[in-house]
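Below you'll find the structures, each written out as C-alpha cells.
In what follows, chain A forms one complex with chain B and a second complex with chain C.
So, the complex of A and B:
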C-alpha cells in the first residue's frame, strides 16, 4: 500500500526544491492559460507527460492517479466541442491535461514534510496579522496528503469484503462503512496529534 | 513521577465507563489488566489529558491534566493501540523529526536527537523506510522512539504486544523492561508483567484489584473463572 503520494527516487525533479517546483508549477499554469493555440498546448501536454514519466513512477500507478481527473477534463472538452468548436475543445483538453500532469509530477517528487515546510513559510507573513496559524494549516495539508491514499486503499478493502461475502457492490453500501471507519480513525489521529504535542507552540 | 487520581470518574453520554477512583501511582513499572471494555484505555487516557474526567481530578507530577494540559502532555507520552495512527508523516525519520518541530530547536539539534533515538532503539536502518512497510514489531519500536524523542518522564503503552508474533513480542517486552523511563502498560500479555512493581485490574469500570503481578493475575483468573 501507498502512503503519501511521493515516490522514492533521485531524478532531477526529486532533487529540485519544493519551492522551485511550486513556483514553476504556478508560472506554467499562468502560461498555459495565456496560450490559445491548440497545437502549442498539445506540445505542452506532451512535455508534461514526459516530465511525469521522468519521475520513475510505474506506468499503472501513474495512470491510476490521474485517470479520474483526466476523465473529467475529457468531459469538459466534449462539452466545449458541443457548444463551441473543435479548436476550443482541443485547447481545453491539452491545457487542463498538461496542468494535471505537471501537478502530478510535482506531487510524485515532493515529500509531505517538504510541502509542509513550504506552506508554513508561505503563510508566516499572514500569521503576523493573526489570520491563521501557519503550522496548523501545513499540518492539515500534510494530513490530507498522508491519509488520502489510505482512505482510497480502504475503499478497495471494503469493496473486496463485499464481494467476498457475495454482496453486490453498491456505492452506498461501500461508502457508509468507509465514512464510519474513516471518522473513527480521524478521531484517533486527532488524539494522536494532541498526544504527541504537534500543536504545542 | 507521581500520578494522582482524586475521585476521578468518566461517563460517556451518562453511561459510566470509569467509576470514581482515588489512587496514587509512583512505581516504575505499572501494569493494567482487565477484560475488553473494562475501562483500561479510559483510565490511561485520563493520565495524559486526552480524556477529561467527568468528575474529580487527575494530576501528573503535581500538574492538573485539564488546567495544565500542554505541560502534562509533554511529561506523559502515549503509545496508541494502533501505532500506525500516531505516525503522521510517511517516512520514519521525518515523523520523528516532525515531533521535535515547534519546540524552538535548531535543524542540527533536531537531526542529532532523531539519530540518537533511532540508535537507542537500534532502528537506524529503518530511518528512511515508510511506516507502512514496517513489520508490527518495527512499527511499535518506531512509535516508542517517536514519543520518547521528546523526553517524557512517563510512557503509557496501550496493548503494545497485541498483534505481534512471539519473536516481536519478546523484543517489545525486553524493550519495555529496559526503559529507564517510568512505564504504565495496558496488556493482555500476562508474562509481560513479570517483574512489574504493581498491577491494576479493572472490571466493569471499577478497580477490582491493586496488587503484585501474581496476585492481580490470580484475581483476573477469578473473574474469568479459569
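So, the complex of A and C:
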C-alpha cells in the first residue's frame, strides 16, 4: 500500500546522485522565478516535460501523479488571465508547470533509501549541535510505515464495533478511540525500542 | 527527545497519514466532504503540544518529500512542494506548533469543561487556521504572479470547512485530554 513513487529504470536521471538532482532542482526553481519572458518559460516547460517522460514512467501514471498540482497551477494562471494579462498568465503557467514536472521527475527517479541517505547526511551538522539525531529520523520513518496499516485496521475495527452495537458511525465517535488506542501503545513500543538498545542512550 | 516522545511523534504522524487514506467524511448537516488530514494538523497541536505536534507534522512532510504518496488522495513527491499550495504545507508545521503552544498555555486540568473546550477552539483557530493561511497565502502571493490578491481572497472559501475542523479538533482534543492526557502543562 505505502510504496514509493520511484520508477525502476536506468536512465541518466536514475544514475545521477540524489544530491545532484536536489541541487539542480533548487537551482532550477531559483532560475525559473527570475525569468519573466513567457516564451523562454514555455521552452523550460517543454524541456521539463521531456525530462519527466524520459524517466520511463507510463503516460497515464505520469499524468495521474501531477494532475492535482497542475490543476492548482492552472487555476492560478486563469486568475492571472482574468484579472491581469495573458502574458502574466502564461508566465505563471509555464514557470510553475515546469517546476512541478521537474520535481516529479526527481521523485520518479530517486529511491526512498537514496533520499534517506541524503537526509541523514544533511542532518549531520545539526546532530553536532544536539538538535536532532539522524538515526532517530530514520527510526521514526520506519515506525510510521510500520503503523499506518495497523491504524487503518483499527479504524475498521472501531467502525464495526459501532455498527455491531447499532450506533451510527460518526467521525468523532471513531476518531477519539482511534487516537487514544493508538497513542496508548507508545509506552510499550518505547520500552521495546529501549530494551533492544536501538538508540544507545 | 525521550524514546516515548519519539514514538508518540511517529504514531501521530501515522495517524495523520491514515486520515488521508480513509474516505473523506461528511458531517450530517453539511453536504461538503471533509478531508481529515488538515484536521490532523490541529489535533497534533491539541493532543501532543507544540514541539511533538510540529515534529509529527514535519515527519509526515518528510515522508511526502522522499516520495511516499501519503497526502490525501494519494498525492506525494517533491511536486507538491513547488506547486502554488506548497505554503499551506509549510503552514501545517508552524500551525501545529502554534496550536500546541496556545493549548499548552491555556489548558488546566482543574478547569471546567467549557473553559477547556474554548481553549482548544482558540488554539485550533489561531494555529490551525490563522497560521496555516498566513504562510499559505504568503507563498501563493510569491508564486502566483500579479493576481495574488484575488487568489488570496478566493482561498477564503475554505474557511467555513476549516472552522468545522477546528470544532471537531476542539471536541476530540478535550476527549483525548480526559481519556489519555499527553499535553505538557506550562505555567
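The rule is simple: the second predicted complex is superposed on the first by the 132 of 201 C-alpha atoms of A that agree within 3 Å, B and C clash if a C-alpha of one lies under 4 Å from a C-alpha of the other, contacts with A are read in each partner's own complex, and residues count from 1 in each chain.
Everything that follows uses one rule, which is that contacts are C-beta pairs under 8 Å (C-beta built on N, C-alpha and C of every residue); 3 or more make two chains touch, one makes a residue touch a chain.
Since this is a predicted model, take the numbers as computed values, not measurements.
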Next on the checklist: With both complexes superposed on chain A, which partner does A:79 reach: first (chain B), second (chain C), both or neither?
Outcome noted: second
Next on the checklist: If we overlay the two complexes on their shared chain A, which of chain B and chain C does A:185 touch? Say first, second, both or neither.
Outcome noted: both
Checklist entry - First (chain B), second (chain C), both or neither: which does A:148 touch? => result second
Checklist entry - If you stack the two complexes on chain A, which partner ends up touching A:112: first (chain B), second (chain C), both, or neither? => result both
Checklist entry - Between chain B and chain C, which makes contact with more of the residues in chain A? => result C
Next on the checklist: Touch test for A:17: chain B only (first), chain C only (second), both, or neither?
Outcome noted: neither
Next on the checklist: Per the contact definition in the header, classify A:135: touching chain B only (first), chain C only (second), both, or neither.
Outcome noted: first
Next on the checklist: Under the stated touch criterion, which partner chain does A:195 make contact with: chain B (first), chain C (second), both, or neither?
Outcome noted: first
Checklist entry - Which residues of chain A are in contact with chain B in one complex and with chain C in the other? => result 1-2, 4, 6, 111-112, 139, 143, 185, 189, 193-194, 199, 201
Checklist entry - Taking the complex as given, what residues does chain A use to touch chain B? => result 1-4, 6, 111-113, 135, 139, 142-143, 146, 185, 188-189, 191-201
Checklist outcome for this item: As the complex stands, chain A meets chain C at residues 1-2, 4-6, 25, 29, 33, 65-66, 68-69, 72-73, 75-76, 79-80, 82-84, 88-89, 91-92, 96, 99-104, 106-108, 110-112, 115-116, 119, 136-137, 139-141, 143-145, 147-148, 150-152, 155, 171-172, 175-176, 178-180, 182-187, 189-190, 193-194, 199, 201
Item to check | Interfacial residue positions of chain C with respect to chain A in the complex | outcome: 1-4, 6-15, 17-18, 21-22, 25, 27, 34, 36, 43, 47, 59-60, 62-63, 65-70, 73, 75-85, 140, 143-147, 150-151, 154, 168, 171-172, 175-176, 179-180, 182
Next on the checklist: Using the touch definition from the top, list the residues of chain B that touch chain A in their complex.
Outcome noted: 45, 48, 50, 70, 73-74, 77-78, 80, 82, 85-86, 88-91, 94, 97-99, 101-103, 130-132, 146-147, 150
